[in-house]
C-alpha cells in the first residue's frame, strides 16, 4: 500500500507539503513542477524528488502518479483540478479553490463525475486546539452551540501587490474563518452581516480592500457567530476561537514558543504568540497531508471536501456583498449532494 | 467635610449601597425609604439608619440630606430624579435612567437646570479589570483602538415576570455593555447591527424577548466592536472584555474565588468564574459609591454622567430597532452639551 | 449574643483588627490601649472606640470586656496572655507567641487552667487559596499527601533594626510557613534540615541573620516538604503553595490586582503579584477575626490554637539549630493534650 | 560537509535518534547494531539503514563511520566509549555514562587523549522552556541567581526489575535534575542534603530504592536549590523549573497537548501535562542530535560534555550517601581540566 505523489507549484507551501509528505513512510514524492525550475535542482536532490519539470502536465500524464498537490497561484486551481480529475489523479488543492463560486462549481462537477478524491487546504481544521473544540461540540460536552467567536489576526499585512490580486480580505483571509465556523458548528451559515474598515494602512484602502473586519453570522441551527480580522496584530499571529453552548463553553488560546513566565521589578511577562503561520500551524500542516494520504489509501472521505471549499467561498461572497450594500445578506441553503 | 445621604428603595441594591456608604468615614446614611418598611426595622437599626419612611418625599424634604440614591423600580427613576433635582439633592440613580430616551432627556433637562450632580449606576466602569483597560487605551499603550470585543453572559435567566417588565435584553442587560463600549473606546457609537435568538428558554421568546444576542458596533473614530450576551452561562457569570489596537491588545478575563489549580488522573481544573454579580463586582460597587461621594465633596465631574446614561439607552433603542428591521441602524451624533 | 472587645497595641496590625472587628455586627470594640495614645484621638473617635488608655490593664480589669487582641511587641505577648487568661478574657494573640518555646509553654499552661480561648494570629490559614488546598487534602481529592512545597518571599527586607529584634528569619518569617505546613498536611513535623544564605544584603548577615533559606521537612505521616524564603522578591510578595499526593496535586499561585493581559510588539504582560501583605491577605485578616468571634460566640474550637503557635516555634527553633550545626534536627513527637 | 553515523543499540531511544538524525540533510545513518537484530529488517529498510549487525565492533571498525550513538544498556557504555574513542569516532552517549564515578573517569581519560568529541544525552538541556530560562540567567535578566526549584515527577514507576538494575532514583531519575541544576545555575554543586521515602509502592522499597525524594543543594556561587522527585504523578509527566534571583524570577510550566479551556456547570478544565517523556521532549531530542552534529561539523564544543556527565554522577553519589547517613554531604570542587 503506497502512494506516488506529484506537487504542482514549488513555492513556500509546495515545498512544505513535500517535507511533510516525506514524513509518511507509504509516500513517494516523485515529481515537482513549477513555472521556473532551474533554481530548484539542489533542493529537489536533497528531497529525493526524481522528476523536476516546468510543465505540470508531465505530472498529470505520468501513469505512476496517484495524487497531485495543487500549490500554484489561485487563478490556475480550477483548470488544473479539472485536468487532474480527468487524468484520474486524486487532488489536494490549496485554498481558495478559485476566485468565483461559478468557477469552483465547474471544477467540482468534473471531480464529482470522475470520482477522484479532492481535499481543500483549510489547514486550520487539523490544528490540535481547534480539532479538540470541534470534538467537544460533536460529543455534546458543551451542549447545543449558541455563540461562536473567532479572532484571527495576521502579524503583518501582505504587500499591496499581493492584496490587489488576493481577492480581498474576505476571500483571502477570513475564508479560513468561514470554513472554521462551519467545521466547529456543524451547521451551515444562512446569513452574514459585515462591517469593514481601513485602520491599519490607507494604502490597503486605496488598493480597494479593507484591513479590519467584524462579521456576524447566523447558522441554520439558530446559533450566532462573530469573526474579527485584522491584517496587523503587532504582537504576533492571533488565532483564537471560542464556542459557547447550553452546557458550557470551550476556548482555544494562542500557541507560544515556550511557556516561560518571567517576573521582574517592572513586569510579569510571557512569550508572544508564534509569529509566522508556518510555525503556528506546523502540526496542522503535517496532519492535513497525512489525513489526505490516509483517506486515499483507506478510501475514506476527506476531512475538508470540495463542497467545503465551495461553501467557504459562498460565505466570503456574501460578506463582500454585505459590506458593499450595508445590509445583511442571506445565503441559500444547499444540499451538498445537489450543490454542484 | 461630610455628606448626609438618603437611600430610596431598600431592595438588594439599595441595601448594598448602604453597606458601601458606611465604609466611607465622611458619610452619614441618615434615611431610607421603601414602599413597605415594617420588615426593615432591625436592619435599619444595625446599619445605624436614623429615619425609615415609606414616602421618599420625606427624604427629599429633609434639609439635612445632601444626596439621594435612587434604587427604586426603573419606572419611578425619571420622576424621582426630577423631584430630587428640584429639591437640590445630588443624585445617584441606578441604571437604566428610564425605559425611553424621551423620558430620560426630560429628567436630564431638570438636572441640567438645577446643577445638581447626577451619577448613573453603571457599576462595571469601576471594576479594576475594566478600569485598567480603559487606562491602557487612554494612555496610548495599545495605540489607536481598532476592535472591541465584549462578552457578557449571566449565570441564569431572571424570572419570566422580570423579563416582561425589564425593557428587554438590550435595555436591561446589554445596556451595561453599550456603556462599557463608550467608556473603553472613548468614542461614540454611530451604527448598530443586532442579531438575536431564543436559544436558552422558549418562554423568554413567548414573553417577547430574546436570550442570546450578538451586536456589532461602529464607532465615530472608525473602530469596530462586537458584544455577545447570553442569559445563561452554566459555568457562571462570564464578564470579559478585549480591545485591540495599532500598538497592541489588552484583555480582561473572569474573576474566580481562588486561583487554585487541581490536577488529578482525570482533569486539570480551576475554579469557575464568580457566579453572583454582587460577588463579581464587589469592588466595583464600593468604588462606584466612593467616587460619587468624592465627586460631590471635591466638586469634580462624576465618572458616569446622565449623558452617559442617555447614550447607553440610545444605543439600546437602536439595537432593538436593528433586530426588528433586520438591518443596521445609524445613530445621530450628538453634542453632550446640546444633547438634552 | 454580642462580644465586647479590647485591643492591646494600636500599631498597623492592631488598627487593622479594629477595622475588621467593626465589620461584624455582634462586636463592640470598646477599648484600645497603647504605650503612647495622644496621637490616636481622632482615629479612635472615627472608629467609635469608647476608651483609649495607655495601660492595657485597664482593659483587663474592665468587666465588660469579653476578649482581647494582643498586638503589642512580641516580648510582651506571654505576660499579657497570662494576665488576660487570669482575668478571664478570651485571647487573640499575634504571632509569634514569644521568642522561646519555654515562655510560650508557660503562657499556655495558664490558658489551659483558665479555660479561656486563645487564637494565634497565623493569618494565612484564613486565605481562600490556602484554605481550599487544605480542604482538598482533607477530603481526599489529592489522596495521601507526599510532597509539600511552599514559596514565601517578601517584597523587601525590613530595617536592620527590626531584623536585630525579630528573632531571625525562621522565627519571624518562615514561622508562617511552618504553621502552614502543619495546617495543610494535617501531620506534625518530625525532622528539619535547613540551608541558609546571605544573598540579598550583607548587612543582614552582619546583624546575625540570613536573608535566603531552603528548609526541608519530614512529617510524621512519612511525607516530605520544602519551604523556600527570601527577604526580597523584586516583583512583589510571592506567596505560593503546592501539595502533591497519591491521587493528584493542588497549587495556589499569587494574587494580582487585576487579571488584565497586555500584548504589545515587545511583550505579553500581566500584573505583578500584590506587593503589600495587608493587601495580599485582606480577606484572610477579615476571616481570621470573624472566625475568632464565631468560636467564642458558639463555643467552638479556634482554627489556630496556642498549641499550633507552640509547634511552629518548635520547628523554627529546630531549623535554627540545623542551620547552626549543619545537620538535620529531629523533633520530639508531642501529644497536644500533654504538650504544655 | 557530511556525517556518517552508526547507532549502537536499537531500543526505543536508539530508534528515536535514527528518526531525528534522518531529519538532518548532512547526516547518513549507515549502520545500526543490536544484540538481536532479526526483527529489525523491515524497520532498517524503511529508515534506509544500510548495515544491520549484531556486533557493534563492525561499526567501530568501519572507516566510513564518523560518529557513533551509544544507546545500549548503561553497563556497556564505558567500554564502548573507550573503544569508540580509540577508533577515532565522535561519540554521543546516553545518560548515565556509567554506574560509578570511577568507571566514567576512566572512559573520559581515553576520550581526552583521543580528542574525539563526546556528548552525553541529557536531553532536557535542549528543551525550549529550560533553554530559555538558562538564557535569562546567563544574560542577567533575573540578576544573580539565589534559589533554584526543580520539580520532576514521572507519570508512573518503571517495573521493579528495571528499578533493581537502574542504579536507584538518584542515578536513574534525579540525575537529569542534577545536570539541569548545574546547567541553569552555571555553578557547581558543593553540598547535597537528601530526604527520601517510599510512598508510591512498597515493592520499590523492598527492591532497595525510594520513590519520593526532596534534595537540597548548595552551589559554589552561594545559591541554594531544591529538587523534588516522585515516581508517580497520576496527572502526567510533571516537569517544571523555577529560578529566583536578585532582579527577578523565571519559571517553566508543563507542556500540554492543547491549550483548550473547557467550562461546564461542574468544572473549568484544561489538558493534563503530556504523559510520555518522548512526547514531552520531542523537540529536545531533535535539537540534541542536531546540536551534536553541528558541534562535529563546525568543530565547536558540545553542549553537554563528558565532564557534565561525570559531575551529575558525582552529585547523585553524594545524594545517595546523604540519604544513607542522614547528614549533608560535601562535594570536592573540581577543575574541569584536571577532573579526569
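We call the chains A, B, C and D, going by the order they appear; numbering starts again at 1 in every chain.
The rule is simple: a residue touches a chain if its C-beta (ideal position, glycine included) is under 8 Å from a C-beta of that chain, and two chains touch if they have at least 3 such contacts.
Note that the structure is predicted; figures quoted are calculated from it, not measured.
Which pair wins on C-beta contacts, B-C or A-B?
Of B-C and A-B, it is A-B that has more C-beta pairs in contact.
Quick one: which of B-C, B-D or C-D reuses the A-D interface, over half of the residue-numbered contact pairs in common?
B-C
What whole-number Å value describes the gap between the mean CA coordinates of chain A and chain C?
Centre separation, chain A to chain C: 58 Å.
Once you find the CA centre of chain B and the CA centre of chain C, what distance in Å lies between them?
Centres of chain B and chain C (C-alpha means) sit 40 Å apart.
Find the geometric centre of each of chain A and chain B from their Cα atoms only, then give the gap between the two centres in Å, rounded to an integer.
One centre to the other, that is 42 Å.
Going through chain C residue by residue, note those that touch at least 2 other chains and give them in order.
Expected reply: 233-235, 247-249, 263-265.
Quick check on the complex: what are the chain D residues that touch chain C?
Going by the criterion above, the answer is residues 144, 146-147, 149, 151, 153, 193, 195, 197, 199-200, 212-214, 216, 218, 222-226, 228, 230, 232-235, 238, 244, 246-249, 326-328.
Applying the document's contact rule, which stretches of chain C touch chain B when the two form their complex?
Contacts found on chain C: 25, 46, 128-129, 132-133, 136, 141-142, 247-255, 257-265.
Spell out the part of chain C that touches chain A in their complex, as residue ranges.
Per the stated touch rule, the residues are 233-236, 256, 263-265, 267-273.
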